[in-house]
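Both of the next two complexes hold chain A, though its partner changes from chain B to chain C.
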Partner chain A sequence: MWYRSASFILDRQHQQQNDTVTNPDSRPLSPSSSAMATENPNPSISMYYQTRAAHHGVVTSDWLAQAQAAVGGNSDDAVSDNCVSGGDEECKGFSVVDEFNNWRKQPDLAEAVAAIRALASVIRSSQATTMMELEIELKKASDSLKSWDTTSISLTAGCDLFMRYVTRTSALEYEDFNSAKSRLLERAEKFGEISYKARRIIAMLSQDFIFDGCTILVHGFSRVVLEVLRTAAQNKKLFRVFCTEGRPDRTGLRLSNELAKLDVPVKLLIDSAVAYSMDEVDMVFVGADGVVESGGIINMMGTYQIALVAKSMNKPVYVAAESYKFARLYPLDQKDMVPALRPIDFGVPIPSKVEVETSARDYTPPQYLTLLFTDLGVLTPSVVSDELIQLYL
Partner chain B sequence: MDPRRVPRTVSDPKVRQVGFFAPAVPPDRPQSGPPDPGSTSPPLSDISPSSNSLSPVMIPPPRHLSTDLPRNFLHGPPLSPLRDPRAADSSIPVGSYNPSEFLSPSASTEFSEDPLSPRWGRRISSTGKFATSLPSGGIDVAVAKQNAVNLRRDVPDGGANTEMQKEKRATDAKPSKEKLGKAERRAIQEAQRAAKAAAKGEGNRTSAPAGSNPTNTGKSVKPVPQKKDNSSVAASERKSGDRQADKDRKKDVPQPRMQFDDENRVEKAKKRSVVKQTEARNRVELFRHLPQYEHGTRLPELEAKFFSLSPVHPAVFKVGLRYLAGDISGGNARCIAMLQAFQEAIKDYCTPPEKALIRDLTTKINGYVSFLIECRPLSISMGNAIRFLKTRVANLSLNLSESEAKTSLISDIDRFIGEKIILADKVIVKHAVTKIRDGDVLLTYASSSAVEMILEHAHELGKQFRVVIVDSRPKLEGQKLLRRLVGKGISCTYTHINAVSYVMHEVTRVLLGASSVLSNGTVYSRVGTACVAMVAHQFRVPVLICCEAYKFHERVQLDSICFNELGDPDAVSKVSGRKEINSLDGWANSENLRPLNLTYDATPSDYVSMIISDYGMIPPTSVPVIVREYGREHLWI
Partner chain C sequence: MPDVQSMVNEFVIKLKKRKVEGSKSTAKLTAELLRSFISQQRLPHRNQAGALIDAVKAVGEKLIAANPVELAVGNVVRRVLHIIREEDLSLTTAAVGGLSLAAESDDENDMEQDDHPVLSATAVAAAARNALRPPSLQTLLEDIPHSAVAPPTSSSGGDSEGKSKSADKNSMTRKLKHNVIEAVNELIQEISTCHEQIAEQAVEHIHHNEVILTLGSSRTVMEFLCAAKEKKRSFRVFVAEGAPRYQGHAFAKELAGRGLQTTVITDSAVFAMISRVNMVIVGAHAVMANGGVIAPVGLNMVALAAQRHAVPFVVLAGVHKLCPLYPHNPEVLLNELKSPSELLDFGEFSDCLDVGSGTGSPLLHVVNPAFDYVPPNLVNLFITDTGGHNPSYIYRLIADYYSADDLVVRRKSAS
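Up next, the complex of A and B:
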C-alpha cells in the first residue's frame, strides 16, 4: 500500500481517460495501429504530443486537424474545455488562443515564441485603461495559454518569463498609462525578438565546440540542434552525425533526412545501439523540452540513458536550449513531473494484459550534462538556477 | 522606484557578464577624441537614477575593472589607449569562445543585444547598498575628500560618472601592465571612494547635465597624464590614503575566530570572561582549537551570580543560562530566544550621559554576545542575526531620539523573527509539501523544527505517507519528534543511526534540517546528518535539506574539524539509567583516553539533491547566488 509508485497513479489516470476518450480517430498513427486500436487500450494523447507531432511532421497535418476536432468535440476533455472557456472569456473580438494558433502555424516558430507573440498582441489590442487592468488581462491571457497545454514546459516557462520580463519594469509607476503601455509593448516585442533569435544565437555559440573530424550523436529531432548542425555545415566543418531512430515517432529519421539534404554524413542507429556506438562518438548533442532549476533537462524519452552511457564513457553531453525553456521546476526523480503521454505503435497487437509505458519524456539530472548552450551564453548546469533566481526572485 | 536598484550599475564589480548585450558605449561617441581613457565613460544617462526610469529597457551596465582586465589579457596589450575602447566596443564579453568575435563584425552587431534584460534591473543595485552599508560612511567621506582632492577637482560634477571614469582610467592607464601595482590599486580605491562621496553630496544634480558630457570629458583629459607621469602626486596621495585604507580593510575582514590553542588570546579572554570555566583535562588533540571545558561546573556558579550586579542584562543572562543548561536547543529556538532577550535589553537600555546611543549600544551588545558565547558557542544562524542587529544599530540615523531608536530596533527584531524565521518556515513548508506524494516513505534524522512542520502539514493535507525517524545517542532528540508525530496520527518507524543502511532501501525521500548552509553548498548540521545523507546518496534516494535563508553563510568549510562545537564528553561515555554499562567509569583519570563528543558535521554538497529555503527550491550550487543577491544587508533584511 505504501509502495504505490507514480506509474500506478498514471495508469489510473489514463484508465479514467480511456473510459472517456473512445474516439479512435484521435489516437492512431497509422492505419495498422488503427486496426489494432480495438484490441489495445491505447492511452490518450497529451496535448504536448499533439503539438510536437504537428511541428515535427511526424503525422500529416490533416490527421492533426482531425484529432483536434475530435478532442475539441469531446466535452470530457479537461484541456480542451479550458481552452474553449479561455477563449470565451477573452471574446471581445480577440482571443489569445486564436492569436496563438495563428502564430503557431508558422512551421519554424517554437510554441513558446508563438505564445510570446500572442501575449504581445494581447497588450496591443487591449482596451484596458489602467495598468492594473492591463496586467490582469495579461495574466488571464497567459493563464489561458498555459492551460491550453499544461504538459508543455516551454509554453508555461515562456509565458511566465514573458510576464516577468514585461511587467517587471520600475518605470511603470512614473508614467501615464499610454506611454507605460507602449513601454510594455516595446519590451514585449523585444522579448519576442530575443526569443525568436535565440536559436540562431545558440547555433553561433556552439560552433567552437564542433571541431573538424568529430562525430556527433544526436537524439530525436530538435530544431535547435538542427540549426547548430546546419550552421556547422555551412561553416564548412567536417563532421559526421549519428542519429538515433527516436522511437516511437521516428523523429530521428526526420533529422537524418534533413542532414542528408545538407550533405552531412549521417548514420542512423536504432535507439538501443547507443552504447554500442558510443566509443566512436566525440560528443552528444541534445535539445530540451525544458531546462529545470537544478540544471537538468526534461527531454524526449531516451535522453537520460544516452546521457548515462555518455557519462560512463566520458563523452561530453551538450544541450542546446533557448532560455525561454528555463522553468521553475525541480524534479527529484523521473516520476516527479507532469507526465506527457503519447501513443506507441508496436506494429503488432499488444495483448490487453500487457502494460505499455507511454511517457514521452524523461528527466536528465545535471551531473550527466556537460554544458548548456543557451542564448544567455554557454552555461554549466549550475548557472541555470542562478539565472532563474535572478529572473524570478 | 526602488532605490537599491539603481546604483549597482555603477560599481558592482561582481557583475557577471554572461550572454550578449549591447556595447555600453553609445554609437555617437566621438571616436576621434584625444587619447584619453576618460572619454570612454558612458553617457550619464546609463547610470543616473532618474534617466534610468525613462528607459525601462535596461541599458547594460558599463564595464568595470574586473571585466576589463581579463579582456586586456585576451587581446594582449593594446596598441594605444585609443585601441582599447574600440576593442571594448566591438567585442562581446561573453568569453573567448564567442563566435561573433571570430566570424564577422556584422554578426556581432546582429546578435549583440542583451537577451533577458530583467537581470540588469536586478544587477544594477549595489552601490547604493554599498554606500549605505558602510557604517562609517560619514567619516570616510571626510577623509577621502581630503585625500583625493586632486582627483576630484578635475571632475567638477562628480557623481557616478566620475567613478566610471576612474575605473576606466584605472584599466587604461596601464594597459600594458598585466597587474596594477598594489599602491595604484589603493589609489584607485581612494579615488572611487571620493567619487562616491561626491556623488552622495551632489545627488541628482549629476543626472541632469547629460548634454554637457563632451565638455566634461574634455576637462577630465588633464588628470590622466598628470597621474601617469607625476608619480609623486600619487605617492603623497597614497601616504595619506594608506592608513585609512588599512583601517577599512580591517573592518572588512571578519575577525578571525578565536583559536583556543593560541595561549595568549585564551589568557586574555579568560580575564574578560564572566563565566569561570575549568578546562577539560583530556583535550582531544585534533580539536584543541575549540573550547573544551568541564561541563556541569559552570551552571551552579552562574546561577549564584544571577542576583549580583553584572554588566549583563538579566534577560540575556537568563537565556545564557538556559543555553548552558541545554534547555533551549535547535537553531531557530536559540536564535529567537537570543533576539527576544536582546529586545528586552534594548527596552531597558538608556544611553549614559555623554555617550552616543549607536556606539554605546553596540558595545553593550558585544558584551552580551561574548557572554552568550561563553555559555555556548554561537550557531551560524545566531551570528547572522547578531550581524543583522548590529548593522541596524549602526545604521540608525543620528537625529533619532533615544526612544525612537529603541522602538525602531525592537520592531526590526520583531520583523526579523517574523519574516526571516516564522514566515520563512511557512514558505519552506509550502514548497516541501509539493515534493511529498502519496505512498512516500520519508526519512528524517534527529529533530528539525522545519521538517516537523512539513510532516505535520503534509499530514493535514491528507497525504498518505510514512515516516522513518533515525536517531542517535547521546541526545536522542528524535524521540520527542516521534512522540509528537505519533500523537498527530502519522505512522512512524523509529530506529537508530546504526540501522540507517538497512532502512534506507524502502525510503523514497530524505528530509533533513540544517544548522547552516555554507556557500559551497556544504550543509552544516547535527552530527550524523552527513552519514545519513551519504547512505541516501548511495541508495539513490533524493536528500532534501530544509533551511531558512537567514542561516546561509558565505563561509566555505570543507571538513567538520576546523569549526565545530564540542559537547560534554561524559555524555558519550555514560548511558543514563543503565548502571551495568560502566566500563568507562573513571575515564577522566586516564591519560590515554580522550572521548570526543562532536555536535555538528559538514555534509558535502554532492550528497544533497535540493535545498528548500524561503527563496524556493534550489540546488546546493545556488546557495552562493542567494548569498550574493540577497547577501549582507538584504538577506538579513
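Up next, the complex of A and C:
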C-alpha cells in the first residue's frame, strides 16, 4: 500500500533510494551468457516486458517458424557452455535462469511452461539422493526464478504449481527415489504439451460463442486468443476483429498482422477509440497475465478500461486463460499488486519534472467479466476461487 | 430388447410431436424410460460401467435430438450417466479397499508383471476420484486420462477377484446394475416430490401483507403460494395474464378459489404496477450453467422492470431443470416458435398472411416465441429442492449432479 501514498514527496524519496541501492551480488558473467540473463538492473522495471519486447519485437509467423527451428539447435549448446565455464554451484544458479530464458525464446511457449521446463532441467542435473534434498534444490531454483522477475504472475503461479505438485507426488508413496524422480521429470517435460493442448481446448470451447457476422474486440497480444480466432477462421466462420493499438507495446499491430494472414477482416483502433466503436462490437475477447482469486484478471494496461465500457454498453467480456495462470492473489484495488513498470517512449523528450505513469498492467474486477474460457471448462468468475481451493488444499 | 427399443421409439415420437408438456413430466418419463432400458441391458463382465455408459449415451443422443429445446431430457440423461459413474466408483473403491490385504501378499507377482510402480490403493482411489470431478489443475499435471482410469481399475478389480474368488464375479456384475437402478428410482422420487420440497420453503420468503407478482401459470408457483397460505400468511397476488396463451386467467381463478386475494393485469401493465410489488416469484423452463434462466416469454421484461425498481426476482426451479450447458445464443437456439394462430386468427387475417404479389413471401409475419432468456444478473434468488441459492452458485450444483464428460452426449463409435 506504499505506492498509494498521497504524499508525492515520500514517493520521490523512495524512488531515489531505490536507484542508489547497488545491484544484488554480482557474479562473474561467463562470456557466453547474454547480458539480460542474471542481473536485473532495476527490480521494479518488469524483466518480463523488457525481455518480451526483445524476444518478440514485431514478428511475423514465418519468422517465428524459423526462429523455432533455430532455437531448437542452439539451446543445448548454450546451457552446456554455461555449465563448463563456471563452477558447479554457480553454474546451477546460472543455469536455471538461463535455461528459462532459452526456453522462452521459443515464441509459442508460455512463461509458466518455460519455468516448469527450467525446473525440470534442475531435476535432471541434480545429484540429490532423497526427495527432501531434491525438493530443497527445487525450492532454491524456483525462488531464484521468481526473484529474477518479481512481477510476472504466470511465472510465479507456474513455479508454485510445480512445487505443489512435487510435494504431492512425493506423498504418493513411490518406493523408489529414482522412479519418483523420473516420473517428475517425465511430467515436467510433458507440461509443454499440456500448454499447447490447453490452448486447443480453450479454442474449442469458445467456438460456440463466436457466431457468423459478429464483431470481436481484442486487446493485447494473447497467443490463446489468437488460437481461438484462428480456429474460428478455420471453421469458416464469418466475423471481423477490432484490434486496439496497445500503446506503448504496439502489440495490436502484431496481432493485426497475424489476423490479416488468416484472411480475417481486421480494423485497428487507437486505444481511445474503444468507446467510440463499442456500439458495433458484439463481444470483447482478452487473454490474461494472471487470474486472481476473486475471479478478476490481471492483464495488459487498458483491459480494465475496455471492460468498463463494455459493461456499460451491455457487451459480454470473455477471457481466455489457461488454468496454470490461476494465482493466489486478491488485489483490492489497482495499486494492490507488485508494480510492473515499463518505460514508455513518447517519441519526444519529456521534461524531468513531468511524471509518467509507467505501469504495464491493470486489474479488472470480476463483475465486469462475463465468462472465462479455460482448459478446465467454461467458468463464471465465481468458480475461480473454488478451483484454486481445490488445488491449494 | 425389442420391447425397450419400441418404448424408446414411442417416446422419441412423442417428444418430436411435442405431445409431452412440462419439464417435470418430461423428466419423469425420461427417467422411467432409462430405468427400464438399464434393467433390460445385458452387461459384459469387464468394464460394465463403460458399456452401460455407452448404451445410455446412444439412447440419450436420440432423445435429445428429438426435442433439443426441452432441456429436461438432456438433464435427466446426464444425471443417469453421472449416477452410473458414481456407483461404479464406489463399487471399485470398496473392491480395491477389500483387496488391499490380498494385494500385499501378491506383491512380488505384481511387480514382475506390471511395468508401472505399485501404487497404493489410496492412490488409485484418489486418481479415480479425480476422474469423476471436473478436470482441475491437479488432474492436469497428473495427466490421468479420464476414460483410462475406469477400465483399468474395474478390470484389475475383476482380475484379482477372479484369482481369489470366482463366485464373486457374478455378484459384482449384478451389483452395479442394482445400485444404478436404485439410484434412478431415487431420482424419479426426487423429480416427483420437487414441488413439495420447494413449497416447504415458502414460509421463509413470503411474509404478512406482502404483494407478490407472477406471470402466467406455473404449478410450482401455485404450490409455493398455497403452502404459504396454509401457514396463515396473508398476502396478495398480482397475476400478469401471460399472452398469447392467457394461462394467467386460469391461474388467477385457481388462486382465488384457494382463498387468496388476486388481481389480474395485462403484461404491458407490469412496469406500471411493479413499484407496488414486494417480490416477483416465477417458475422457469430451464436454468443454465451460468445462472441464466429460460423462462416463458415475457419474463425478461418483468425481470428488467424488477431490477429497475429494486424488487427481488425469485425463480423457483426443481433440480431436474438445471442444465450444465452455457447458453451462447439462447434467444435463437433454445427457443421455439409456436403457432401464429395463437396471436391472429387464421380466418380474419388470411389475406395478409398470403403470399404477397411482388416479393413471394407474406407481407405480414407473425412471430410467437415460446421462451425468453433472463440473464443471471437479473435474478436475485433461485429456490430449488435443496434450498435457496445465488445465481453464481449454480456451478456448484452442477458439479454435484453432473460429470464433465457428459456435457456432449454422443455415442463413441470407438472408445
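Quick note on the criterion: the second predicted complex is superposed on the first by the 298 of 393 C-alpha atoms of A that agree within 3 Å, B and C clash if a C-alpha of one lies under 4 Å from a C-alpha of the other, contacts with A are read in each partner's own complex, and residues count from 1 in each chain.
Please note the rule applied: contacts are C-beta pairs under 8 Å (C-beta built on N, C-alpha and C of every residue); 3 or more make two chains touch, one makes a residue touch a chain.
What you see is a predicted model, and the numbers here were worked out from it, not measured in a lab.
With both structures placed on the common chain, the touch criterion links A:Leu371 to chain C but leaves chain B unconnected. In the overlay built on the shared chain, the residue A:Asp208 is in contact with chain B and with chain C. Touching more residues of chain A than its counterpart among chain B and chain C is B.
In the superposed model, A:Asp176 makes contact with chain C only, not with chain B. Look at A:Leu332: by the touch rule set out above, it reaches chain B but stays clear of chain C.
Comparing the two complexes, residues 161, 165, 168, 172-174, 183, 187, 190-191, 194, 198, 208-209, 323, 375-379, 382-383, 386-387, 390-391 of chain A contact chain B in one case and chain C in the other. The touching residues of chain A, counted against chain C in their complex, run 161-162, 165, 168, 172-176, 179, 183, 187, 190-191, 194, 198, 208-209, 211, 323-324, 326, 371, 375-383, 386-387, 390-391. The touching residues of chain A, when paired with chain B in their complex, are 1-6, 9, 161, 164-165, 168-174, 183, 186-187, 190-191, 194, 197-198, 200-201, 204-205, 207-209, 293-295, 323, 328, 330, 332-333, 336, 366, 375-379, 382-383, 385-387, 389-393. Only residues 1-2, 5, 18-20, 53-57, 94-95, 97-100, 102-103, 107, 111, 113, 115-119, 121-123, 435, 437-439, 441, 464-466, 506, 509, 542, 544, 609-610, 615-619, 621-622, 625-626, 629-630 of chain B touch chain A when the two sit together in their complex. By the touch criterion given at the top, residues 117-120, 123, 133-138, 140-143, 289-291, 326, 328-329, 376, 392-393, 395-396, 404 of chain C touch chain A in their complex.
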